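Next come two complexes, and both contain subunit A; in the first it sits with subunit B, in the second with subunit C.
For the complex of A and B:
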C-alpha cells in the first residue's frame, strides 16, 4: 500500500527517510508526525530508527542499504555510527566508507540483489558495495543522468525510473535488474523519483503532492496491492531461525 | 547514457536508436510523451492560467478632431486605425504589466471591430515558464476602450480660431512688390508657410501668423536664408497663471528685407566700396539671395555683401527698375574676351547707343562702355539707366568727383517681339499663397497687374531665377497658332521656359504638399 505524507511541509519524502526490507531510517523533525506515520505502518514488522547522518537530516540521500547491510559516508560521526549499529538488527552489516562522492543515496540505487551505481564511483567502493550489500554492481546512467540513485527507485518487485527514459534504455535496465520497470513521475510531475518516494517490497511512501494517477502507477509497478508484510517477514524469520 | 552515445555517434561509432517512451499524465492518466511538466497540455492549461494578472481592458484617449491618441503625459500621436503603429502603441501599454508577471509577448494582431464602436480589440499570444521549465503559450483578448477627448491644440482652435501666438511681419520699403512675388513662390516650393494660421497682405509687406513661437522662428530663419534681412523680436504678455507660474505671451518678429533689388543701380558710399575692394561707386546689383551681388559695369569687378555687412553700411539704390529707359544699340565693339564673373558670362564692350525716344527725332547719341557685349548686336534694343538725363537726389553721387557714366545698360529688351505675342497665354503658370488682402488699403489694380506681368517676364528671361521655383504646366495653353505669325522676321525667339522645367499636371493632381516635397527632394 502506498502512503502519502509530508516531512515538515516538504513532499520530498525520499530525502528524509530510507526504507528497506529489514529496517527504516527516519530523520528527526520538529514534530513527530513524520515518524509516527512510519511507525504506524511499519513498527510491528521492522525497526524504525530516528537518526541523523553527519549532523544532517537528509538521511535518505546520504546512505544506501538493503536487508544485508548499510553503507554510510565518511561524514557520519562516531556516535551516529554507534547508534545505528546498536539499533539495527545484527544481520545488517553497518559500514562507513571513504568515498569522494559522499551522497551515497544519490549515487547508488539498490535492492536486495542488484545495484546500479554512478559511473565515476571508486573501484574500492564498488567492491565494498558488492561485499557488504551482497549485490551485483552495474555502472549505469538513467535517461542520461549519472545520479542513478536520484532518478530511479526500485525494489525486488519492480522499479520506477525518470520519465524521459527511452524505450531501449528501459529494456536494457530491466534486463540488468531483472525486474519490470516503468517510466513515470512522482509528486505531481517531479522527475526526481527517489527523492520523492521511498519503497520496499510491500509498502511505499510518497510525497503528498503525488496524484492519484502516479500513485496507481506506483502501486502497479511495485506490486503493492497483493503484497502483505507478513509473508516476507515469515521468510526472514525462517532464515533467522536456521542460522 | 544518451550523452555518451551522442559523443560516440560523432566519432562514427555504432549508436542505438533512442525511442522516446511514454508516460502517464500525472493528473488525468492519459498516455503522453514526457515533457518538462509531465502533464498533458490540457491538464497544464487547466492548472495554470498564465494570463492571470494581465491587463485585459484598457483605455485609449482619442481626439476626434485630429485623429490622434494621447501618449501620457502630454503628447498626442497621430495614428490610423488597424495600423502597425497603433498596434505598437497599444502593446506598449501592456509591456510593463507583462514584465512584472514574467510573461513574454509572442504575437499580437487586431481583431476587426466596427469603426464607430469605439473599441479596439487585440489578440495577444504570450508565453510563460511554468513548473519545471515547461513553457506554456496562451492567447487572450485585450479590449481597448476609446474615449474621446479634444487635444489641447484642437481645443484652442475650437475656442478661438483666429488665435495666433507668433506673428512675423515681413517688410521691404520699396515701391514695387517683385520681391514678394518671388518670395511667395519660394515659400510655396519649400512649404515654409505650411504651419501659418493666417497670411495677410499689408502695405509694403506681408504678415504671417503662427500658433507656436517655434514655427514663427523657423519661418524667420528660412527668410534669413533667402533674402538679406534684419530682424528683431518682441513679446507681449497675454495672461499669467500665478499659481502654476505659467505665462502666455504673443511673440512678434519684425523682419525687414533690404531695399536693394536685382537690376538696381547703386552709388556705393566710400565705406561700402572699401569693403568690396574699391569697386567703382556706380554698381549694378545682379543677384539678391541672402547676400547682395554687385557688379561694376565698367570694370567687370564683382563684390558680395552679406546681410550683416549691408545693414552696417545701409545704402539705398540710386535708380530702380522703374526708371529703366529703352535704348537702341547703334554700334558695338567688344573690348575684352568673355569673362565669367560670379557664374555669369560678360563681355566688356564699347557701344554707341541712342534713346529710343531720341532716335529719329534728334541726334543725341552716347558712347559708353557696357558689360553686355555678349548679348547685344547693332539694332538691338536694350534697357538701361539714363544718368545723363536723370535727376537724382543722392548725397553720395554729389560727393563723388570722378567719372560717372552717362548710360548704364542693364539688359536686353524683348519688348518689340513681346508685342506680337501680346495676349497669348503662357505654357506655364504659377501657384499662389492663400493671402488675405486688407480692404482698407487702396490697391491700384492696374499697377499690380503690370508688376505681376513684369515678374513673369523676368522669370522667362532669367533661368537662374527659376532655379528655386516650381512652374506648373498650364493646361489652357494651346501651342498651335503661335508659330505661323512670328516666324516671318524674327531672327531670334523670345526667351521662354523649356518644357522640361515644368512640373507636370499629374503631380499637381496629387496632394499639394507632395508636389512641393517632391520638388525640394529633387533639388
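For the complex of A and C:
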C-alpha cells in the first residue's frame, strides 16, 4: 500500500528515510508527523528508528542497507553508529566504511539479492557491500547517470527507474536484477526516483506531489496491492456470505 | 609559513618518525578507530572503564622504558667529555682570588676573646 507524505514541507521522502524489509531509518524533524506516519504503518512489523548520520538529516541518501546489513559512510559519528547497532535486530550487520564517495545512498541501489553500484566505487567497498549485504554487485549506469542509487529504486518484487531509460537498457537491467522494471516518475514528474520515494516488499512511501497515475504505476510495479493476501481473502469471504 | 610537522623538532610527528617516541605497541591498539560496533553491554562497558587507567599506566611505563633504552649508551661518553673539560677548561671554572692562600693572624685574636668570656 503506497502512502503519500511530506517531510517538513518537502516531498523528497527518500532523502529523509531509508526503508528495508527488516528496519526503517527516519530523520529527526521539527514535528513528529513524519515519524508518526512511518510508525503507524510499520511499527508492528519492523523497528522504526530515528537517527542522524554525521549530524545531518539526509539519512536516506547517505546510507545503504537491506535485511542483511547496513552500511554507513565514514562521516557517521561513533555515537550514531552505536545507537544504530543497539536499535537494530541482531541479524542486521552494521558497518562504517571508508569510501571517497560518501553518499552511499546515491551511489548504490540494492534489494536483498542484487546491488547496482556507481562505476567509480572502490574495489574494497564493492567487496564489503557483497559481504555485509549478502548481494551480488553489478557496476552499471541508469539512463547514462552514474548515480544509480538516486535514479532507480527497486525492491525484491519490482523496480522503478529514470523515465529516460531506453528499452534496451531497461531489458538489460531487468535481466541483471531479475525483477520487472518500469521507467516512470515520482512527485509530479521528478526524475530522481529514489529521492522522491522509498519502498520495501509490502509498502511504499511517496512525496505528496505524486499524482494518482504515478501512484498506480508504483503500486503495480512493486506489487503492493497484493501485498496482504489475507485482506483479499477476507474481502472475498464477506462478499460471499453477505445476504 | 607552512612547515612540515615531520621536520619540526618539537612536534610529536617528528619524534615518532625519528624514533624518539614509541610508535608500535599493543597499547595503541585499544585506541584505534573501529568500524564494526558491538551491541551495548553493561558488563562490557564497566570492564572497559576499569581497564582504561590500567592501560594508561602500562603505556606510560613502556614509554619511559623506551626513553631509558634510548639514553642507555651515554655514561661512557659523558664521563669522557667531563674529563676533557676538566683538563682543558678548568680556568673557566676556578676563581683566581678564591684559590689564593689567606693568612689568618691567630695570636692577636685570643686576648680579645677573654673580656667577652668574662662577661
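The rule is simple: the second predicted complex is superposed on the first by the 228 of 243 C-alpha atoms of A that agree within 3 Å, B and C clash if a C-alpha of one lies under 4 Å from a C-alpha of the other, contacts with A are read in each partner's own complex, and residues count from 1 in each chain.
Operating definition for what follows: contacts are C-beta pairs under 8 Å (C-beta built on N, C-alpha and C of every residue); 3 or more make two chains touch, one makes a residue touch a chain.
Note that the structure is predicted; figures quoted are calculated from it, not measured.
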{"item": "Side-by-side fit of subunit B and subunit C on subunit A, or clash", "value": "fit"}
{"item": "Touching partner for A:102 - first (subunit B), second (subunit C), both, neither", "value": "neither"}
{"item": "Contacts of A:75 with subunit B and subunit C, given as first, second, both or neither", "value": "neither"}
{"item": "First (subunit B), second (subunit C), both or neither touched by A:94", "value": "second"}
{"item": "Contacts of A:85 with subunit B and subunit C, given as first, second, both or neither", "value": "second"}
{"item": "Touching partner for A:217 - first (subunit B), second (subunit C), both, neither", "value": "first"}
{"item": "More subunit A residues in contact - subunit B or subunit C", "value": "B"}
{"item": "Partner chain(s) touched by A:144 [first = subunit B, second = subunit C, both, neither]", "value": "first"}
{"item": "Contacts of A:174 with subunit B and subunit C, given as first, second, both or neither", "value": "neither"}
{"item": "Distance in angstrom between the closest Cα atoms of subunit C and subunit B, superposition on A", "value": "34"}
{"item": "List of subunit A residues in touch with subunit B within their complex", "value": "140-144, 163-170, 183-185, 188-191, 211-214, 216-217"}
{"item": "For the subunit A and subunit C complex, residues of the former touching the latter", "value": "78, 81-82, 84-86, 90, 93-98"}
{"item": "Interface residues, subunit B side, partner subunit A - complex", "value": "1-4, 16-29, 34, 37-39, 131-132"}
{"item": "Subunit C to subunit A touching residues, read off their complex", "value": "35-40"}
